[in-house]
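Next come two complexes built around chain A: one with chain B, the other with chain C.
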Partner chain A sequence: MSTKQKVIIAVAITAVIGIALRIFLPVGTPLVSVRAEELFHIGGYTITNSLLLTWIVMALLIVLAVVGTSKLRSGNAEALKQPRGLQNALEYAVEMFYNTMQGVSPKFAGRFFVIVATIFFLVLPSNWFGLIPGVGSIGLCYSHSAEHAAAPNYVATAGISTDTAAPVLAAAAEGGKYTHNCPSGTAFHPFLRPGSADLNMTLALALISFAVTEFWGFRSLGFGYLGKFFNFRGGLIQAAVGIIELISEFARIVSFAFRLFGNIFAGEVVLLVMAFLFPTLLSLPFYGLELFVGLIQAFVFAMLTMAFIDMAAESHGDHGHEEHAH
Partner chain B sequence: MDKLGVDLPLLLSQIVNFSLLAILLNMFLYKPILNALQARSERIRESLDNAEKVKQQLARVDADYDAKLQEARREGQTIISQAQERARAQEAELLVVARNNAAKIEEEARNKAEQDRQQMLRGLQGQLASLVTETASNVLGRELQTKGHDELINKSIDQLGRLN
Partner chain C sequence: MTDEGVRLIAAALAIALSTLGPGIGIGMLVSGALQSIARNPETEGTIRTNMFVGIALTEGLAIFGLVISLLIGFNVI
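Our next item is the complex of A and B:
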């Protein structure tokens, strides 16, 4: 039996098992919400599940950084000579990313490394956290009134009490029964949602990226930077090009925000739909795909920011490399 | 925007999150690691420079050693050749002295022999004269008076000497 035949048979068996299990496992209809769901309120501030996961990711990153570089920061000569374990892994990640950014913008990579690297190191785990089983599938049923109610009495409305809103574990094994279990008038709110699947975070990052780019444009070229957009001396075509440049400059905010949001949110939806169609086995390849997409999107966001910063500092050079939307 | 879930407080809180994360990561991750990387690459460069220096020193020492060896060899050669020359000169000198000595000894020996011969001859002459006188007196039967015949005797001895 050739390898090809083996693969085909393995896939066929997997498909059969997957479809067979579909029959035996009851699966609820997938519920998709573009908005990040609210969880609770603290002093008038709404805490959404994406904000919660972002905090978790941040805490994780900071703990990793503090633990990993503790020896380096204390000036341990041995740690400098021979990096080990976590420190080595962090060094590898930072160095590799630094070198990549140096390849994109040799002049400004050092100056804007903090911004660009933080984008990457925040977005990547945010993307990947969405793939952890339970993120996006474990939650509570909240009554609709709680969503728009100004009153922060979420305990009463969100209902730890079982009659208004039963806490439901909607793990994959139970096939996402949550839509059935939530009584009418309530909606399922997962506890965790990847930050990059919430427009608030992607838009925030896009605004930061935009602000840094424009800041650097003005900083390095002064008001001559505006000449790039309002170029009336070079004739009509130049003026039109300038206006288009201006529009594309602002369009970047939208494209940045929606590219990341769209990819990660769509990934979530694909996984949800696949889990709905085939609760077992067949959705596995999509996990691999989403891992890849998560890495690529984090990298693209950081790298494009670096590239735009680099381009903003050019006076009237070529605008050859516009963004390539993924 | 509201349908998409964009909400100003949430947006601002994410911006604050990001800024906070950037500051903290800069403090605890980027700065220590980038500094370490720089320190490490500097140390590597230093080590390589040092290695280069050591290599150069080694090469210099090697060259020195070679030069010294060469010099020593040359000196040795000159010393040997000088010694050989001196030996040759001495040999020649010794030969001359020896030859002279030999010549002197030969001369002396010859002189001595001559003297001995003369002495012997002289002795023989005296004896011969007395023998001759004796024989003659015996033959003549009378004793020749020594006085008055001296002339005759000396003449005969002279003849004898010439015969020799």
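Our next item is the complex of A and C:
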């Protein structure tokens, strides 16, 4: 039997199993909540599930960095020359990212690499954590508090998963004791939710990126930086262009925040809907797509921050000159 | 037609119509960038940076549509 035939048979079997599961097992309605769900309170602060996952990501990054550089910090001369294992992988990732940033902004890549790389290496695992089965599908039913009742759009119906957990498992959860169909008056809150699928996190990152850009603009050009936006000497057209620049400067915050949030949240919803539409196989190609989207969005966020920093530093006058020199 | 139904149609139209223009725009932008990279490969770094900035600005329009769509869909406005 050739490989091709084996593949066809495997696909046919999974398709039949999928159709059978879809028909014979009850399927709930998918749960989609735009806001991150609350889990518990610590001293007046609300801990949401996206915050919890972001902490996990942060802990993971810290552990990776500490373990990866342990040989370096112990003063091992050999580790400096010939990195191997985890240290090698980390160095490869950082160096590749640094070279890309060098291409974006040759002048300021070294100075702002810390901020840009932090954004990239925080957003990337945040995006990808949402794809792990169990994230967004395991949780508890929480009873409505007063503030929930005040928000009429809060979706109370709970589905089996907000992620593509292994399809068979998800379907088994439907029939078995792990069902997430919460009783009325309660809402399903998953324990984990990717940080990028929470608007608060992406807005915070966007504000950091915006603040760094403006800071660098003022730092390198002084108050002449404002001349970019309030340019009344060059006539009416120049003044209008300046105002448009000013508006688009602030629109960056919105577009930064919603680009990341929209892409990751929409990816979650697509995977969820596909898993409900057809429990096996269908969500597989979208899984690959979401891996790609997660990487691209993390990269775009970091790269745009770098590009905007680079743009903020060049004054209006020497723009043409600068281009000429390249 | 119920109030909720109109709201859903409005939300769908907001995002659907606002992605039309940026879709065409980003397509044209990337095609132009790829052509110039093919013609002049050593400028790839600069062109790619400017391409991404242009994409970000173009995509911003679609993102405004998404924001409006979410606001309508979740009863904010």
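The criterion applied here is as follows: the second predicted complex is superposed on the first by the 259 of 326 C-alpha atoms of A that agree within 3 Å, B and C clash if a C-alpha of one lies under 4 Å from a C-alpha of the other, contacts with A are read in each partner's own complex, and residues count from 1 in each chain.
Everything that follows uses one rule, which is that contacts are C-beta pairs under 8 Å (C-beta built on N, C-alpha and C of every residue); 3 or more make two chains touch, one makes a residue touch a chain.
Fair warning: this is a prediction, and the values are worked out from it, not measured in the lab.
K.L.:
Clash or fit: chain B against chain C, after overlaying the two structures on chain A?
P.N.:
Here the two partners, once superposed via chain A, fit next to each other without clashing.
K.L.:
Tell me which partner touches more residues of chain A in the superposed arrangement, chain B or chain C.
P.N.:
B
K.L.:
Using the touch definition from the top, say if A:I62 reaches chain B (first), chain C (second), both or neither.
P.N.:
A:I62 contacts chain B only, not chain C.
K.L.:
Please work out whether A:E91 is in contact with chain B alone, chain C alone, both, or neither, and reply first, second, both or neither.
P.N.:
After superposing on A, A:E91 lies in contact with chain B but is clear of chain C.
K.L.:
Quick one: is A:V34 in contact with chain B, with chain C, with both, or with neither? Answer first, second, both or neither.
P.N.:
A:V34 contacts both chain B and chain C.
K.L.:
In the overlay, answer first, second, both or neither for which of chain B and chain C A:A307 touches.
P.N.:
Second partner only.
K.L.:
Quick one: is A:Q238 in contact with chain B, with chain C, with both, or with neither? Answer first, second, both or neither.
P.N.:
neither
K.L.:
Students often get this wrong, so check: with C-alpha centres, what angle lies at chain A between chain B and chain C, to the nearest 10 degrees?
P.N.:
Seen from the centre of chain A, the opening angle is 100 degrees.
K.L.:
Identify the partner contact of A:N76: answer first if only chain B is touched, second if only chain C is, both if each is, neither if none is.
P.N.:
Neither: A:N76 stays clear of chain B and chain C.
K.L.:
For the combined overlay, can you note the least CA distance between chain B and chain C, rounded to whole Å?
P.N.:
7
K.L.:
Residue by residue on chain A, keep only those touching chain B in one complex and chain C in the other, then list them.
P.N.:
34
K.L.:
Of all residues in chain A, which touch chain C in the complex?
P.N.:
34, 103-105, 152-153, 248, 251-252, 254-255, 258-259, 262, 300, 303-304, 307-308, 311, 326
K.L.:
Report the residues of chain C in contact with chain A in the complex, numbered from low to high.
P.N.:
45-46, 48-49, 52-53, 56-57, 59-60, 63-64, 66-67, 70, 74-75
K.L.:
Can you tell me which positions in chain A touch chain B when the two form their complex?
P.N.:
Residue list for chain A touching chain B: 34-36, 45-46, 48, 51, 54-55, 58, 61-62, 65-66, 68-69, 72-73, 79-81, 83, 90-91, 94-95, 98, 113-115, 117-119, 121-122, 195, 198-201, 203-205, 207-208.
K.L.:
Spell out the residues on chain B that touch chain A in their complex, using ranges where they run on.
P.N.:
Residue positions touching the partner: 3-7, 9-15, 17-18, 20-22, 24-26, 28-30, 32-37, 39-40.
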